[in-house]
Each structure stands twice: as structure tokens, then as C-alpha cells.
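Structure first, commentary second.
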Amino acid sequence: MWIKTSCHLDFQMQTSTPLVLMLRPRSGFQQWIAKESYTLTPYVPVVEYTDTYGNLCQRLVAPVGEFSIHTSAEVMTADEVDIDRNAYFVEIQNLPEAVLVYLLPSRYCESDNLAYLALDIVSPAQSAYDQVVCIDRWVNSNIKYTPGSSNFPISAEGVKMKGEGVCRDLAHLSIALCRSISIPSRLVVGYLYDLNPMDLHAWFEVYVGGRWYTFDPTQNEIHGRRVAIAYGRDAADVSIFHQFGAGDILTNMDVRVELLSDMLP
Amino acid sequence: MWIKTSCHLDFQMQTSTPLVLMLRPRSGFQQWIAKESYTLTPYVPVVEYTDTYGNLCQRLVAPVGEFSIHTSAEVMTADEVDIDRNAYFVEIQNLPEAVLVYLLPSRYCESDNLAYLALDIVSPAQSAYDQVVCIDRWVNSNIKYTPGSSNFPISAEGVKMKGEGVCRDLAHLSIALCRSISIPSRLVVGYLYDLNPMDLHAWFEVYVGGRWYTFDPTQNEIHGRRVAIAYGRDAADVSIFHQFGAGDILTNMDVRVELLSDMLP
Amino acid sequence: MWIKTSCHLDFQMQTSTPLVLMLRPRSGFQQWIAKESYTLTPYVPVVEYTDTYGNLCQRLVAPVGEFSIHTSAEVMTADEVDIDRNAYFVEIQNLPEAVLVYLLPSRYCESDNLAYLALDIVSPAQSAYDQVVCIDRWVNSNIKYTPGSSNFPISAEGVKMKGEGVCRDLAHLSIALCRSISIPSRLVVGYLYDLNPMDLHAWFEVYVGGRWYTFDPTQNEIHGRRVAIAYGRDAADVSIFHQFGAGDILTNMDVRVELLSDMLP
Amino acid sequence: MWIKTSCHLDFQMQTSTPLVLMLRPRSGFQQWIAKESYTLTPYVPVVEYTDTYGNLCQRLVAPVGEFSIHTSAEVMTADEVDIDRNAYFVEIQNLPEAVLVYLLPSRYCESDNLAYLALDIVSPAQSAYDQVVCIDRWVNSNIKYTPGSSNFPISAEGVKMKGEGVCRDLAHLSIALCRSISIPSRLVVGYLYDLNPMDLHAWFEVYVGGRWYTFDPTQNEIHGRRVAIAYGRDAADVSIFHQFGAGDILTNMDVRVELLSDMLP
């Protein structure tokens, strides 16, 4: 299915402010970026680099005054996510090197403190995939998904105590639980068609059965039509915009996801 | 200056054919890709990866029959290339690690055989930058630039003997001469505004004075308005399309570069 | 100065246990590994890989029963660490790409919560280097260095509240404070000559004035004779041995650092 | 089997000379470096880095006068190389990204010119592995292995014409033939037990059946007891020592490989 995504950000900069942005999705195994635009108003010089997770990052210094960023993309993406109830646990010694980092605790995923809870949650499961299903459904049932309820990340243990959170919070707790039983897990930030209210979204992936699988504890039923923008250990690594200093005010943010009725010419 | 580039390729595939493409320019220090499109007709799954030189490469299997690729980009690029007649020779021990590979001989740049010629050519020069100017002008004067005169690369020594070549050939000889006197040098493939006849173009860069500088031995006077698509040691590394097997026929290729009169909105 | 380091670990494995080890120091700008040994008893197959921080990591599965690891190295290292009271703050937009990750909060360094404290601590300082001196001395004065006081890491905020910690804890708090004012900072684990009681040690580095500088809040006066084994954002990334599962018991650990009286032959 | 390798190099430097060395084997899937020494006389500062092929490279500036390098290693290595007559051809679209570079022509392996010969040589073969056996045996039969017959590399086409060469030359021709039929192939430089006369050695590997396999056209029967020091596309990438300038004279080189009778303690 072809999707058109867009993200518009308006800032009021009180001082010139360095920004690191992650707003350019990459073509990869699961998505093909056919068209793309990335506009800065006013235009300022930008340097793009690739971080250690493979994300394309844009560095710039936003000038004083109004500053806007508009990105859009037309993307081929799958209608449904892949599911494999039999996907097996990959022994640590057989994990690809690049996957090992997703076993470690991180800023918002204190997996080192959650093993007892995780073991309890996954006890009915047969396969590693099913263990993740247990975790995903447990988070879905026990943490109330409340879009807009927080503006900055809290960590997995905080989410568990609070019992409520935004998409990122539910993903963080799920990730921490998966890692605590040695299942590699990472945060994904991106677009999801039909999200309501529309916004940027966060979900998680796990490495079982020799590949990454998608999960989303905010949804009662998982579906595709997703466009990943960035991957990381948690929200500390994946920031759609990361400003340095206190000189910026985000005055407006507008996110859209539309189906494109026809395949691109 | 804003430039719009496009490249259109039509193939007639007699068997299904694996392709590796390098047709997606990256945003970097010297160019910002504001809009971009990349269309395959018919659409087939594509996997994009980054090679060791940082180029974005697209892998796909083209199906039997007609197959077309259309890419375009709107790019902010400089009108003029930077020049610094005083840029100094960087001692080997001080070169950045990533630059060292550009000192080595490569498939079409037998720098190990050209040191005597290079030393002769650069003898009037004061700085390393000026040494490259000597090489660039020597190639410009001694190798006749004949667009369309060859369809596959010949190596630097062959170019010297033949006394004639396409843009890639002049670049290869220049690169080999630079490397033979320990100046790191790399091939660039991309677009050049006002090239006549219009086509994809190749030129070279050298690392002197702590950064890369652009040279183009096909031109009597160097200017900017260039969009780099890919970098490499020579044409063996940088192939706009690299087919495997003999099942493809390129039936049409159309390259365009236009100035965009106004800055993008 | 030539130093000989060694680390000996004895385990009693109750089940076969995957281990990831970081016990092979790399030769680099500040240290040259002239001799090295790495012995496993019993010998089991090992795969070595390089993580995203450049550390050499060894993966193996330790068998049931007694398992020992013995590593030693003869290393050229500086007597004194470099100091530059004038080293300047590097603007975010000018930081090397590989350094940016050391600005982000991480598992044990909640830099996102510590900016007010940091700004207060560094207020007397002129240069970025001096800001780090203020932080380093503040931690030295306010957090009691108590070797052996904890077996697992606590995070920077916890250290601040507890007012006491092991070397790693003092480093974590220092790192979090530095990052909270946009000074890149990383954890180093390694050997320090004359440490008392002798053990593996942890300290931190900051990126100011265009390079990394060494600090050690556990010491009243910083000196060299250090051998870095591994670098990372914090202790979550840098584990001398990381076991998966609960089947291992570390029964003995012996660390030694000696001066080698003569230069190696 | 445990092997002890050593390489001793004596130079007489007429000017101070930058060197890039590849003399530190890495622990990997097929070899474990248990002990190692690397001595420079006189000692000079060294910086070690990892090149794009994963080789550890040492950079230094050798001073005027006598300069010696002595390296040794105790290595666990297999007695026999793995063989799989059924190992299949990996379709281009399924090759790992890091393998693709080994399909390209390179300085001494003009695979773009050798496809007709290769197709003729491999015609009896059933599997990709057997195709490589055909190439390996064809080179073994048609190119006379003459250790010491050349001091600098010639390219695959030159080797074919000359009908004679050193280990590196036979490997280059084999590699070029393999690549010309889309089998990824790379040069290995290292140690081989029982080589006569003893020297550093070169052989090649091919990627078939989803992994790398070892071949050695200089030997009538392949066996193991090899220690790889460095990998690359060809000898242009893999130079045990690469000097810049003309100021060095290698006055002595001594290579040894011994079996260690007992397993290391």
C-alpha cells in the first residue's frame, strides 16, 4: 500500500539553536521511499549523517525568529505486519553482533530491574514470539494508553507505577520487559495510518526467529501501514528533533498520514 | 543555487536480472537534497544499503520485459567550487583514517606505475593544491576529452597511451597521478549543470589542506552547480547501475539538469 | 612508562552460560599494547567482534563447572594525563558525528534531570575544561568514594542522593552533570597503577577543545599510568563480563598492575 | 591446533618514513589469538585503526637509521579447512551487504575481462563450490608456483600471460576468475604451517553456500594450520607493510611458524 506521510514543525527561536533532527525515513527491507521532500524555512545549511543505529540525522543551527520544517514522503509499505507464533528464541551466542546492543538496559528501559515481573508475565508462552505477545498484551491491559498525557519520557519503572502513558511509555515498558528475559528489543518512531488522534507514533520490535518483528501495545489489534523514521534503544536515542539549549519554542506541529489511492506512476 | 536533476533509464530485460543502483544522492556538507523521487516501473521490492564509501545503494531484481527507473532531485548546491592555492600536503601520519584508502592503487588507477610522470608534471608547484592544479591542467591539455568515445572504463595507463577519453577516463588518470605522489584522490560521479552534451558526469576530488577539493580536467574553467551521486576509488566502485548477468539491454537514458529559478518555498 | 596489567577471573558455572567479555585493551592514541595474552581454561571457541564504541568484545559459552579467564598486557602509557585549562566548549554543530552520542542521557546517567545542579556547580568556571574541573571536584568533595560499597550500578541521581559510591558511581554522576550542560562525556573502564585497593577502575573523559580529556573524581590528584579497556555511554555499555542467565558464580577475581622497570626489548 | 607465528622485519631508514602496517591478526570465527607481542625497536608512537575490511592497521613514522619490528602470536587454528562440495551459488540479491564489494574488479584482479575463460574452466562443475575447485585446480595446473619470482604484484591478466608467479599472483588470478562469474572472492594474507620455503603466504576465500571457504592454488592438497593476518580485495588493500616515500630499505625479513606441542595452560 502506498502512503503519504508529512510532518510540519513551526518554531519560534529566541536564540540561534543547534538542532539534530531525525525526519528522513530510510528505504529498507520493509519500506521503500519513492518520493520525499524536506524543506526548511528559512533555508539554512544542513549536514546529514548516519548514526550508529543507521538513522539519517540532520544537523543545523536554527536562526532567531520563526523557523519551520516541512517533510513529506510517499512510501510503499505493507498492509499487515508479519506474525510468526513459532518464532524461536535466538541463543545469545547466535545473535548477530549488531543486535547485541538491544539486550542492554538503557535510559528509559531499566531491564536490569524487571526480570521477575517479565518471567511471571511470560510463563504461559511456548515460543519466544509468544512470550512477546504476552508482554505486549500485558502492557496493553495494564497500562492505560493516554495520548498527550506527558511531554517528556519517563522510564519503564515509572510507567509501571503510573499505570498510564503515551505510546512511547508503553513501548519503553514492553522493551524493558523483553530485554529482561534476553529478547533483543528496540524502539521505533514513525507514522501509523489511521492513528487517532494523528501524531507521530512509537512502537517496538523484537528479534526472534532470526529477524525483527513489529509489536504495538497501544493497539488492540496490530496492523501495518507504518513508516519507520528512526530506531534506537529508547527515546534517548530517537528524538525527532533534539534541541540544545533552551532557546526554542515549538509553536505548532502537524502530522498527516494518507493512503494514496493509486500506485505511483 | 537550487538545481533540479533527473535521470531516466529504460531497460529491456531478457531474463530477470539483479541490479545494484547508485542513483540516490545523499545530503552532505556540500549539497542538500530538499526533494527527491525514485520511481520503478513496474514496481519491484528494493533494499537500500550504505556501502563503505557512504553511498546509498539500491538492490533489486528487475523482471523480464520493459523496466524503467526514474529519479529526480531538487538540490541546493554551490555556484562555485572552493579553491585554495595554499592548501598544504597532509602528512600520511596525519591523514584521517577514512582517507587512507584513497591513497591506494585501484582497478582503473594504477598509481603504483605513474610516479615518475607525476613528479615531472608537478615540479613547478609550490603547494599540494598547486600540484593537483598541475596534474589537472596536464590531463586537460594532453588527453582529448571526447564524450561518448567509450562505453566501458579503461585504466589510467591505457588513457595515457590512447590520449583521449570520456570524463571518467580523464578523472582516472588524474586520480592515479595524484595518488602516485601520496595525495589522496577519489572519483565522483554526479550531475553538472550546463554539461554539453548533457549526461552523467565524472570528476575527482583530492584531500589537501585538511579537506576535499573538487577538480574537473574536462573543463577549461572549473565551476560548481554539481550534484554528487556517489564516491569511490574509481569506476569499479561507482557504477550508477551495475547489472549481473547479460540479460539486460539499456534502451534509453535521459539525464537532465535545470536551474530552479526560485528558492524552494 | 611501561605497565603490566593482568586480570584473572574464576567462575563456577552451574549451567552452560553465554558470556560477552571486554577484556582486550586496544592500541590507540594514548596506549600501545606491546604484549598481550588471553587464556581460557578450559579452552572453548570464542568469537571476537567490535562494538559500536570500538571496543573488542569476546563472545563464548562457558561450560558447566570451573571456568577461568586470565588476561594480561604490557602497555606503553603516559605518566601524566593531558591538561588544558583553556580547552574550549565545542559548539554542537561542530562536534564530530561520533561524539554526539555522548551528549545523550543513558541508563545510569540521567543528564536530562540534572541541568540545574550542573549550572550551579560550574558557575565560577571560565572555559569548558574548567567547568569539568568544577564538576569533577564537586563530585570528589560531595560523594564519598567507598570502594567495594556496591555490587551493581546505581544511576547518577541515586548516587547524588546516597552521597557515596564506587568509582563507577562517581563517574556516572560526573558524566551526567557534564552532559546536562552539553559537554560530551563517556565512561572509561580500565586499569590504574597504584590504585588502592587494587581492582578494575572506572573514570570518565570529556570532549572539549577538540579532543578527549581524562578526569577521575575518585582521586585527589589526577595522574596517568592508566590502561583503558573499554569505552561507553555508561556501565550498561561497558561490562568487563556480561553473563546471560543466572548460572554463573564469580568465585575469585584478581587484578594487578605493575610498572615494568625497563623498556621492552 | 595451537600454532606460534612470528614475523621479524629490519629496516634501514634513510629518511623518517610513514608506515602503515598490518601485522596484528584478529581473533575471529576461525582463529583465536591467545598471546601476542608487537615490538618496535626503537619504540615510536603508534596509532592503531581498523580499516574497512576489519583489519587492524598500525600507523607510525619510522625514524632515520635502523628500525625493527617483531611480532609474534600464539593462535588456536583448525588443522583442516572446511570443505563442502555442495555449497551453492548465492544469488546476488541475497548476498550480505558486506560481501558485495568482493564481486567488483580491483587493481590486480581484472575480473571484468576474464569471464570467457572462467566459464570455460568451470563448465564441468555442478555447484558453485565445485566451480571454485575447477578454478583453483586450473590455476594450480597452469600457473607455475615459483616462490620469490617477483617482488611486486602483477595483475591477474599479467599472471595468466606469464604462466608463473608467487602465491599472491596465483591468488589474484583465481580471485579474478571467481568474480568474473559472480562468486565473491577475497585475498587473505597470513601464515601457513609447513610452507616451504617459509614466508608470509597469500591465498583466497570465496563466499558460497552462505559463508566463506578457503582455497589455496599453490598447494596440491589444501590443509589448515593457517593464521589470517589481513583480508582485502587484492594486494593493493593488503600490505603487510606499506611505506610512503622511498626512504626505507628492508634489510632482513624472518617469518616462522611452529606447532605448539601442548595446549596453552
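Order as written gives the chain letters A, B, C and D; numbering starts at 1 within each chain.
Throughout what follows, a contact is a pair of C-beta atoms (placed from the backbone, for glycine too) under 8 Å apart; a residue touches a chain by one contact, two chains touch by 3 or more.
Since we're looking at a predicted model, the values are computed, not measured.
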- Message: Farthest chain from chain B, going by the mean of C-alpha atoms per chain?
- Response: C
- Once you find the CA centre of chain B and the CA centre of chain C, what distance in Å lies between them? 43
- Note on the structure: So, in whole Å, the Cα centroid of chain B is separated from that of chain D by 30
- Query: What is the distance in Å between the mean C-alpha positions of chain C and chain D?
  - Reply: 36
- Counting only residues that touch at least 2 other chains, which ones in chain A make the list? 47
- Sort the chain contact graph into one of these: line, ring, star, complete or other. ring
- Contacting chain pairs - touch in the sense defined above: A-B, A-C, B-D, C-D
- For chain A, which residues count as touching chain C in their complex? 18, 20, 47, 49, 51-52, 57, 59-61, 91-93, 97, 100-101, 103-107, 109-110, 112, 152, 182, 236-237, 244-245
- Item | Interfacial residue positions of chain A with respect to chain B in the complex | 26-29, 32-39, 41, 43, 45-48, 50, 54, 58, 76, 263-265
